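Heads up, the thing below is written out as structure tokens.
Letters are used for the chains, namely A, B and C, taken in the order the chains are written, and counting of residues starts over at 1 for each.
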Amino acid sequence: MTDYVNYTTGEPAVDGKAPAGPVHERWDKRRFEAKLVNPANRRKHTVIVVGTGLAGGSAGATLAEQGYHVVQFCYQDSPRRAHSIAAQGGINAAKNYRNDGDSVHRLFYDTVKGGDFRARESNVHRLAQISVEIIDQCVAQGVPFAREYGGLLDTRSFGGVQVSRTFYARGQTGQQLLLGAYQALSRQIAAGNVEMHPRTEMLDLIVVDGRARGIVARDLITGRIDTYFADAVVLASGGYGNVFYLSTNAMNSNATAVWRAHRRGAHFANPCFTQIHPTCIPRTGDHQSKLTLMSESLRNDGRIWVPKAQGDTRPPNQIPEDERDYYLERIYPSFGNLVPRDIASRAAKNVCDEGRGVGPGGQGVYLDFADAIRRMGRKAVEARYGNLFDMYQRITDEDPYEVPMRIYPAVHYTMGGLWVDYDLQTTVPGLFAIGEANFSDHGANRLGASALMQGLADGYFVLPATINDYLARNPHQSPVTAEHPAVQEALAETEDRLHLLLAVDGDRTPDSFHRELGELMWEFCGMSRTDSGLRKALERIPQIREEFWRRIKVPGTGEEFNQSLEKANRIVDYLELAELMCLDALHRAESCGGHFREESQTPDGEAARKDDEFAYAAAWEFTGTGKAPVLHKEDLVFEYVHPTQRSYA
Amino acid sequence: MARTVWDSTVGKKAVMAVSGVIMLMYLVVHVIGNLKIFFGAGEFNHYAHWLRTVGEPFMHYEWTLWLVRIVLVVAVAAHATSAYQLSRRDIKARPDKYVHRKPRASYATRTMRWGGVILGLFIVWHILDLTTGTVHSGGFQEGHPYQNVVDTFSTWYGNVVYIVAMLALGLHVRHGFWSAAQTLGVGSRTRDRALKTVADVLALLLTAGFVAVPVGVMTGVVS
Amino acid sequence: MKLTLRVWRQKNADAEGAMSTYEVDAISPDMSFLEMLDVLNEQLILAGEEPVAFDHDCREGICGACSLVINGDAHGPERTTTCQLHMRSFRDGDTIDIEPWRASAFPVIKDLVVDRSAFDRIIQAGGYITAPTGSAPEAHATAVPKADADLAFEHAECIGCGACVAACPNGAAMLFTSAKVNHLNVLPQGAPERETRVLDMVAQMDAEGFGGCTLTGECATACPKGIPLVSITGMNKEWLRATRKAGKR
């Protein structure tokens, strides 16, 4: 065993920005206390924003509207393609349009509870407060949410809650919200307030005198590596689910921006909190390059079941009703098929492990719409889920109107991310992280339709209010030039890394390493984790890393459009991040949310949280590749929602 | 506004659509007049003479006719110029062809450009043949259109040129009418079927009506 | 399945391109088209050759990155995106031609990758509603008839992939532009900028060097999201209306 596991515990992590006082007054108080930048002075400040998803797109647009000079980056060919676009189900907001008992406090309560009491109350409450403004903002931008015949907005219920607070645009809510943000950003690009760099990937963070002052980025078309300077840097680069190779993330979603920031001093919090989404299309073979999610909204009307008998290979329609096990309805009668994602995923894994899984390899469960079709008619089902059914049929060549869908859990979202304070600032002054890139609001498990809410809350409302404070307190930062030693160092490190990748000229492709790492992580750091498994993974990862640098083969040069080089460089970072994820999972010897430790469960197999030992966020400090990191614990205090064992039964 | 229209691809298409509709309306009147040939030289020649006296006494002899001619010349010029400029632009916008080629859109759609050129050339010939008599076969007689028409369709090439042109006209009108409706923004999902039917019927009636004359001459119904 | 691929290879924007022929074997009918190309690329890397560059990202038919002309059809034989096309649409022994989008407004960057930034500039010209953050009224302040909301949504589904341009014999961007114009102009929130939006977007579309519309309908046939041809009619109407209004001012 490497000495990587022998981490040390440092000073506690402290969020120095959240004001004290009643939770519902904290955001107002913070906004009032935050220093402001004179409108005339804003244009003198440059802010770099990395990423153009819901968080980055909305932040870039809003900061530019406020008068800042924004320099923004995305690796895609257009800011409109960020992976937020693929979110299907919806966005939560405590509007209580249904008069069904919803409120800001209930959304706050549901989110803290849904996150299994591993999120900060102040942050979550702010999120719930802002949720209502987001809907207003998006409607004003022309986001075509679903409406009822009276012309008012429609809502539906979503996994893990009992009120109908999810706003949606058919199965393409993420797309519509992202296009809204993209269009707002486009307006600012046209106005000259945002300098947009598409097909440009951030490869390092530039820290000068302890403050984030810029980034190193590569133009993916020409291969040119350049430095960009600013007064503050905002990372909105998304999650790190692609560590697992197979996930619902886009193929090029990656962890490089956050990992490089971590290496430059930003603490990384709760890396083991990954969300495995219960309703994805099962894989069909080794060629699989990614997994496709089927919206959780399907669980509103679909019923999940497996055969009662092991190894039952009859086609589903030949299995009589009394030989089916609607296991979620059986185990969790009050929430039934609508239990939170972590619970639904683990239950699916359990029945498959019992040998009752269906489809090729027994890695699947049925999601059946026969009852819904009988009840509402095919037309109504089609209106609600038509595009999802079409998508399913296209991928599997099976008609879900006739045959039940087959689904299986897959890596979907990462709750962990860069540690940030209430202002969304990381431990590096001037470096902010928003959206999925930070760790702040979802605790150990994210509820459905909350990612879109958080991304837009951070980008439209939180960051634009808090970044002022930082810029106002640091109004006259000395200009950084390319000659500064810190800049030269970051640039040289990046160039060396890429040169080395090209120089190895080994005999294995980047994908082969990525796949190997992914399989290892899925096995030992996936849906359920054990001490011995994690130790095995921790032993194996440095070996893969060593082999990677010996045998990687990247064709072409660095001075051109080179997708193999992009890929290989991202894998370099996955190979380090994976190690931290395993260590975090190993050290957290409790089960909570998406993190399930087999050693920590109740007699009836439910996750057992250990609040006395682990009611903290784990913020890790980097000390060197393969070197034991330092753990900083941020104790979580629950004044309003008292931790209880989650019960959805 | 005129500048905006002429400088824009959408505006230029609208110019084509409006000029096309003007020509189309003219053709409908034209084909009705042509069919008078089946009622004998007297009625046909009288009709031709009347065309010159329309609007009298307010208008002088042939004023109305010249007015129509001017409008038509402007329409043809606008239609042809826009078509030429738009085509140039379209070809420039797609300089590299696909290696793997597939036959595409309907025949009527694909033949708009060449069909238009054929019709343009035909109009020149048609005017030189039956209006000025410059290239008329046999002795052109001013004021005796019935005989002039019979002369033209008594030659094989007269018939060939005319019938080919009228078939091209049918195809051109078929896509053109529907297309003009879309360009002018009057098409809609509910109206699409009706528009396509009207286009087909118009194309068919115009072609049949015009072709009836040479057929009539060839078969001896008109002589 | 065993397949012969003829792929457009072009080193960079300035280089001459040509079709190259490759063989791939052991292709499963369950693979997506892009997974089949992954197989080819793994093969090429191990053989010391440069893999084929192509744009792709979400691989679930929504980001609009993938952009291949397959056997002469934008996104191939099915009405979907390239990433959602599966190999079961082909037969063992087939020869498949793979080319990039072709339009002078979409110059080739490398192999099958083209530059579609012209689309971004069309949106920048007016494809938005001016609603600075914080200025929004309560969402229910304005009811939007369901029919209008549905119509707006139908046009808002455009993923900006550019298949319409690739399929159009004139390299026109009318369907892309009209989808956004219709989406925003049908909504009450979009009304204040209704005229300037359509005029500016069409002007930008022309300035980018896209061709004009001859209503061949190829764009709508190729569109993976089913944006209808009548969308173009709607934009024409908006444009003429805006021009008339601008003329009066």
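Note that in this section a residue touches a chain if its C-beta (ideal position, glycine included) is under 8 Å from a C-beta of that chain, and two chains touch if they have at least 3 such contacts.
Here is each chain with its UniProt name: A = succinate dehydrogenase; B = Succinate dehydrogenase; C = Succinate dehydrogenase/fumarate reductase iron-sulfur subunit.
Just so you know, these numbers come straight off a predicted model, no measurement behind them.
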Message: Please identify the chain lying most centrally, where each chain is represented by the average of its Cα atoms.
response: C
Message: Farthest chain from chain A, going by the mean of C-alpha atoms per chain?
response: B
Statement: When centres are defined as mean Cα positions, the distance from chain A to chain C in whole Å is 27
Query: Taking each chain's centre as the mean position of its Cα atoms, how many Å separate chain A from chain B?
result: 63
Length of the line joining the C-alpha centres of chain B and chain C, rounded to whole Å: 37
Field: Contacting residues of chain C [partner chain A, same complex]
entry: 11-12, 28, 30-32, 34-35, 38-39, 42, 44-46, 48-51, 53, 55-65, 78, 80, 84, 86, 88, 109-110, 113, 115-117, 119-120, 123-125, 127-140, 142-146, 149-150, 152-153, 156-157, 159-160, 183-184, 187, 189-190
- prompt: Which residues of chain C touch chain B in their complex?
  reply: 6, 8, 19, 69, 71-73, 97, 99, 102-105, 168-172, 199, 202-203, 205-206, 209-218, 228-230, 232-241, 243-244, 246-247
Task: Would you pull the chain B residues touching chain C in the complex into a rising list?
output: 1, 4-5, 7-14, 86, 89-102, 104-105, 109-110, 112, 175, 178-179, 181-189, 192
Message: Touching residues of chain A toward chain C in the complex: what are they?
response: 58, 61-62, 65, 76-81, 83, 85-86, 95, 97, 133, 135-142, 144-153, 169-170, 172, 175-176, 179, 182-184, 186-187, 189-190, 196, 198, 221, 248, 250-253, 284-285, 287-290, 292-293, 391, 394-395, 397, 460-461, 464, 507, 509, 511-512, 553, 555-556, 560-561, 563-564
